Amino acid sequence: MKLYRGTIELQSKDHRPDFHNVTEGVKKIVEESGVKNGICVVYSPHTTCSVITQECSHDLNFFGREYLQQDLNNIMEKLVPTCRTEGQYLHPGPKHIEFALTFPDEEPKGSLNTDAHLRSVFFGRSETIPLVDGNLSLGDFGFIYFIDWDQIRERKRVCEVQIIGE
Amino acid sequence: MKLYRGTIELQSKDHRPDFHNVTEGVKKIVEESGVKNGICVVYSPHTTCSVITQECSHDLNFFGREYLQQDLNNIMEKLVPTCRTEGQYLHPGPKHIEFALTFPDEEPKGSLNTDAHLRSVFFGRSETIPLVDGNLSLGDFGFIYFIDWDQIRERKRVCEVQIIGE
Amino acid sequence: MKLYRGTIELQSKDHRPDFHNVTEGVKKIVEESGVKNGICVVYSPHTTCSVITQECSHDLNFFGREYLQQDLNNIMEKLVPTCRTEGQYLHPGPKHIEFALTFPDEEPKGSLNTDAHLRSVFFGRSETIPLVDGNLSLGDFGFIYFIDWDQIRERKRVCEVQIIGE
């Protein structure tokens, strides 16, 4: 049994949730690993991001987002509305803002990503995908998406891939 | 450390979500594996299906569905209403329909399973269950359900089981 | 490759969902395991509990719950309202109550935790967290929470930790 680890660096934009298609990146790490059968964990260490598998929707909206992703955003906008001001959610409270401001270049509005924290837990931090004869078991139409729910700022993200098998 | 893989074939009906109780099937694969301690990943490669663990609800509605499953359906019907016509969701768009029609016997209404794609990601594609002394750690009342959210058509589905342990 | 297992015992209160911060407990089990690289599965065998990772919210409400947790509760209260009487949900039906009453000291209202069963499946039973150089990959601000959604009764719970790696 063998363990292999890889990471995929991502650049998220601000103003809306980002759906990063990481399928090719994960496939490349699987190939590098030499593991043929086992499991592949695709994981976000960030508490405002999620990993899902979903089909490709082909059509894009004006913002370059696939239709199915925008449908998901529309549902989440009703369930967990985008945070537009302090007081809309309990979080962030005064102690959290005080904590956040101990970091350089941080400003209070940088903590108004409550919606991203809440949305992300609905979809989980990871997907565990079987590896079968060297291939990720994604069916005929499955892709892996790393979702950055944080709309507050541009930032670099890391998608982790942990493989166990033989 | 040992790796073992098994699959369970399922037949889904149309017109409503299907909850397949796969507990006995998974237990059989665990027994075949000879693995006593480790992890058991129960997984759907289909992008309109989910795997959950839940208790048995005992009472059945007129359609043969357990009460707790119908309660979950009722909630999902509000959160992600059943797709009844094109235009209700953005997906499927014209390019996706064009892609779908490249497959034999496919017709446009076959892509109106947007609700199933969206519902399925809320519950994840898999559950990872500890194996302890040869038993799945499901508590006193836990069962494993493979949910097929797709209401469009009858079809065969595969539940994958990947076991790692010793 | 090595397998290690640990458990964390928890005491839940009644009347509201309980968020147990199990981060330190999991870290202790990781240390005991001696495993430096691999995966750590943090799991609930209970069908009314979930495991999530999330940041610490610092501010507490009058009930001692972190603000972000209360925000999540508020959303779930709308999506899956607290069960306050039989008939609010289909479950528990008469057969389930009959089954429940075969257990000692059980009374019908003890089965009115339908909301907890339903809420728990939205967040999954487990999180699978990469282990990297002896550390859980939780980012700078990540913590592990074991959520007991059951508001019906005080009870002991077990959080299971299954580690595979080297």
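For reference, chains read A, B and C in written order, and residue numbers begin at 1 within each chain.
One rule holds for everything that comes next: a contact is a pair of C-beta atoms (placed from the backbone, for glycine too) under 8 Å apart; a residue touches a chain by one contact, two chains touch by 3 or more.
All values reported here derive from a predicted model rather than from experimental measurement.
**Student:** So with touch defined the way it is at the top, what topology do the chains form here? Options are line, ring, star, complete, other.
**Tutor:** Graph shape, chains as nodes and touching pairs as edges: complete.
**Student:** What angle, rounded to the nearest 5°, describes the rotation that places the Cα atoms of chain B on chain C?
**Tutor:** My answer is 120 degrees for the C-alpha fit.
**Student:** Count the residue numbers both chain A and chain C use at their shared interface, divide by all numbers used there, and answer same if that is over half, different if under half.
**Tutor:** Different: when the shared numbers are divided by all numbers used, the fraction is under half.
**Student:** Quick one: report the Å distance separating chain A from chain C, using the average Cα coordinate of each chain.
**Tutor:** So the centre of chain A lies 22 Å away from the centre of chain C.
**Student:** Which residue numbers or ranges of chain B touch two or more of the other chains?
**Tutor:** 1, 79, 122, 124, 128, 164
**Student:** Where on chain B is chain A touching in the complex?
**Tutor:** These residues of chain B touch chain A: 1-3, 5, 41, 43, 45-47, 79-80, 89-96, 98-99, 114, 117-118, 121-122, 124-126, 128, 160, 162, 164.
**Student:** Would you mind writing out the residues of chain A in touch with chain B in their complex?
**Tutor:** 1, 37-39, 52-55, 57-59, 61, 66-68, 70-72, 74-75, 79, 122-124, 127-130, 132, 137-139, 141-142, 164-166
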